[in-house]
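In structure tokens below, several structures.
Across the two complexes that follow, chain A remains constant while its partner is chain B and subsequently chain C.
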Partner chain A sequence: MKKKTILIFAIMLFLVFVAWMLRDLFMVRPELQKNPYDYGMTALRKTDTVPSYTELSPLKPVLREITSVAGNQDGKIYIAGKGGVEILDVSGRMLKHFPIRGYATCLTLMPDGTLVIGMEDHVELWSPSGNIISVWQAVDTNSMITSVAATQNLIFVADAGKKIVYQYDRYGKLQARIGEKDPVRKIPGFIIPSPYFDVGISPKGELWVANTGRYRLEKYSMDGSLLTSWGEASMAMEGFAGCCNPSNFTILPDGSFVTSEKGIERVKVYSPDGAFVALVAGPEAFDEGTRGLDLAAGSNGRILVLDPSRNQIRVFVPDKRN
Partner chain B sequence: MRHKTVIVFILLILGIFLPSVMGVQRFPKPEFESGYVEPETQFPVPRAEFLAWMDVAVLLLSLSLATFLVLKKRSRLGVFWLSLFSLAYFGFYRQGCVCSIGAIQNVTLALFSGSYTIPLTVLFFFLVPLVFTLLFGRTFCAAVCPFGAFQDLVAVKPMPMGAWLNAFLGMIPYLYLGLALLFAATATDFIICRYDPFVGIFRMNASFGMFLFAGVLLLSGIFIARPYCRFLCPYGVLLNWLSRFSWKHMNITPAECIQCRLCENACPYDAIDFPQTKKDPAGRRKQVNRLILLALLLPLLVLGGAWTGGLIHSTLSGVNSKVRLARLLQTASVSKDQPEPPEITAFRSSGIAQQQLMAEVATIEHDFLTGSRIFGGFIGLVFGMTLIGLVRTPYRTDYVPNRGTCFSCAKCMDYCPVIKS
Partner chain C sequence: MDKQNRRQFIRTGIRWILFGGMALVAGDLIFRKGEPLFGKNRKSGPTVWQLDPAKCIQCGRCATNCVKTPSAVKCTHAYSMCGYCNLCSGYFKPETKTLDTGAEKQLCPVSAIKRTFVEDPFYEYTIDEALCIGCGKCVKGCGAFGNGSLQLQVRHHLCDNCNDCSIARNCPSGAFSRVQLTDPYLLKGFGKKNL
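Here is the complex of A and B:
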């Protein structure tokens, strides 16, 4: 009896194999409306980390196709985009609007208030009142200027096309090329797979560059030596995920970093030594597929996030409960 | 000795995992400097021709050695070691390809498609075991087929199955062969390769489902010796037919059978025919009547099978990718509010006119109608012949291997006490 049971069991197993073959051959059909090659991000966009910032009402500029934002400590907000620059006060009221010719990809403020505007392949300097000061020559035919940063006398231009940071004096004279691969000086070079390549100047006057393909921020001396770096590739909240991140960053007055990512849209705060501090806004705060979340430090600890998908400046303040 | 075995086992395990340890770190990504030229897609180079011919030579040598070990030396141990070699060479080294079983499809496609040319080495893999079987029985199954060797290793507690169960399950290979020929002839799919449970194990790259079901098959193989060979293998059908007419087939006893009955339960594959010496005139008449009835029924079974085949041809043709695409196009044109399936997007971007596809599909459907009728008729014939085989009890005096189902594995020989003088 026992043998018979075992035999029946074995035959059933064999018939299960045959039935599976027949089912797979004749009955299993791919679902019509489902793309089998679709890279589902739904699960990856879910996070357990609670944001430590609260969002205020967004600022809605008149300018369309906004690309970059900058702020200063007196509360003024500078926005650039297609065909113009807009200056708002802290409440979002427009103070000034002036047209520019072409497409501004980035902007920054010099300590004296001069606006440095990156225009895809060249740089323009404008006064806050809307008068053009100078137009520099195109950097290179393959250039894709994605970020500018400035000190009192120097202007740094990040070129995603050439994967290099140029150092200019304020008159547009090239002083140095920073970040070129140099094994002797132990500079690994920038890996920039997509047109997001940000630079920033810390309150101490240090140059920081987002090496997105290596998922880290790198600090360079003014002569182009690599001093230090932080950041790691990780799906965890502490790291940077996707093909190349952080896409943008800004440095707060206390030396902390605010970073933004594309793919899984996140805005986070890191300490000056690169330790994760807080989540400002998670993926649920943004439209899926939003990229180019430019950042600026506003007055009173506010973080300004340029949302190109909604054409708004999103304003986040530290949550008092935290 | 035991320590050595443990060390060898550990080294083997380490060897398996070594490639993943040596794997290249994913991050950071490769650097793409300006001016980088995307390399052209590389395709794996086909196996060198002399190596393909070496495989044929190994096949010939293995078959010759297997035949020698079974028919001349009567050595089960020799057959066992040769089967382990075949498992290592044709299984794990050659990763189960080319195999004689799958070659059925290549030969069929070459016969029906003008654009497909079969490599000579593949043709040899198909023909050589058939020729050997016609001459010496299924020595290929005994020691050369890696699938058989694999299953032999897990058959630790084989159980005898009744004649009716063997006959019922034994019809599945005919169905499988019929479907494989139909799909190969219509250039639809190579289903023998697609549902090969062992190749995924040899290559360690099967899908989870395939691994799972290969495990299920091997689990059943603990109690049903060689379930794939006996109840699935389509090549086994051809070998079975040819082996029945083999010139020199192995025998259980090297001389005259002494009716000791020691070999009665020796065959794990139920491939020993027992003596039938009773002469019962009344029973004989009854048997003859049944045979006449079945012989009259046979044409009806063939016609019924052909008719049924015609009815299910649409289901069978649904496996063809072009037919499926055409049906998808028709469904999509009805439900326009649904998002377009990626198959249709790919078809539309190919620039091929829908009329051209439909014309091709009409030809394929017609081929399937003809093929399905032949397939159905064939299954009807097999069913009828199986019934006839169960009814007829041929007169025999000795324990003999069933020439059709015997794998010539030589397991029964060890049970025979007769020594050739």
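Here is the complex of A and C:
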């Protein structure tokens, strides 16, 4: 009887030992998975602010590696990327597609409909029907063109490589260099730590530039004088989250600003004087690590957001409840 | 077919086992990891462990799994990629308001990053390797908001080059691999010269 008890006890002990070994071999203990040095991006990406916009079905262009979007008030959407330009109607149906040689980094429309396309180191003008009008000479050997904006007669080219905005006439003749550090004129210069350097024209014809190293938008006169600026670095919804933000912006017909950020991906609306108005889309709407959320104002108050991670044009409309 | 006796059966069996073993060894030598045994693409020579910054997810295991204390994995700085930002997201904790060198504002748990004023508004960030524990917290911050100039690398003057590297075994993203000793760093950008 005693022997039998010892045998049963030994077998049980052996089974417990085998179970412990199996657990050690195949089970993943959560305490070992936890990162004691976690940066806390998950907490930073959570927001209490409710978006004031609703997302519609995204537009899916044929182009791969899209980089830039522009829109006009009759609803047409212009998309540029690697090797081509695509024109869609308001419903996302393709109206026109034409190839270009090289990598388009940015795109804008002149009031007469001419497409201004920034390539990596030079600018090209195309007609909406897909005919090339002119190819300008390379700006500089170290140039990295990240944004273009246009008025009736002037074209502004943001060069992240040289950290300057060039002002050209429509024939490609250089008129002025805007934003060069100049203590006499109290121009601090652009601080561009990474290739996110956007430029835009307001409905009043004012030139706005994203000085991302100073986390603000700056307004310049056409002769290059710094007129005003707004924006501050902050993880809070009202500010721009850290380095190189706002990465992109666009200006709505009423003069309000729409900005996008990287790091904590969010798209927001600010009033013409720079006060926070609304959240369009928070970090949860985007894949973590998405960068280069180019923006455009569509028709009927729509905001177009180019999502390079998903290769889509995301469409947001004001929520009627707000 | 004639019936085999026991001796013939054992002899035939041994021949097949030897043949199969030799074929396996030859196949492994020729095709292992895409490195051919013969031809001009053949790589030879001693190898060392290194981690690929493009695959690294900053999980913190380089700090906790290395047999060395502190870890032989260190933060390295590719200066050619750095924006020399005033608000460096690899140096400051998120939500920091005033940008000074107060310890409570630093992201690094051991204050291994030194911040030096260059000219307004630029600052240089250097790594004190003796202090760095290779946790990758600064790498995560720099990559999320900045240019990703801070990158983790195995420092070979500290690494024991274990045959079965404990970090490589536990790396969840497969960022560790053996690289040629003649080209032992996998920094992105143009940072190799900075090491």
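In this section, the second predicted complex is superposed on the first by the 282 of 322 C-alpha atoms of A that agree within 3 Å, B and C clash if a C-alpha of one lies under 4 Å from a C-alpha of the other, contacts with A are read in each partner's own complex, and residues count from 1 in each chain.
To be clear about the criterion, a contact is a pair of C-beta atoms (placed from the backbone, for glycine too) under 8 Å apart; a residue touches a chain by one contact, two chains touch by 3 or more.
Since the model is a prediction, treat every value here as computed from it, not as a measurement.
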If touched residues of chain A are counted for chain B and for chain C, the larger one: B
First (chain B), second (chain C), both or neither touched by A:G289: second
First (chain B), second (chain C), both or neither touched by A:G242: second
First (chain B), second (chain C), both or neither touched by A:S194: second
Partner chain in contact with A:A233 - chain B first, chain C second, else both or neither: both
Touched partner set for A:F26, first chain B, second chain C, both or neither: first
Partner chain(s) touched by A:G213 [first = chain B, second = chain C, both, neither]: both
Touching partner for A:G40 - first (chain B), second (chain C), both, neither: second
Partner chain(s) touched by A:K262 [first = chain B, second = chain C, both, neither]: second
Chain B versus chain C as contact partner of A:A10, first or second or both or neither: first
Chain C-contacting residues of chain A that also contact chain B: 35-37, 191, 193, 213-215, 233, 243
Chain C residues touching chain A - in the complex, by the definition given at the top: 58-61, 63-64, 83-89, 94-95, 107, 109, 121, 135-137, 140-141, 144-147
In the complex with chain A, residue positions of chain B that touch it: 27-29, 31-34, 157, 159, 161, 165, 169, 172, 179, 191, 195, 197, 209, 213, 216-217, 219-220, 222-224, 227, 231-232, 315-316, 318-319, 324, 328, 331-332, 338-339, 341-343
Partner chain C, residues of chain A touching it in the complex: 35-41, 44, 191, 193-194, 213-215, 233-235, 241-245, 262-263, 289
Contact set on chain A toward chain B in their complex: 3, 6-7, 9-11, 13-14, 16-18, 20-21, 24-26, 29-30, 32-33, 35-37, 142, 161-163, 181, 189, 191, 193, 213-215, 233, 243
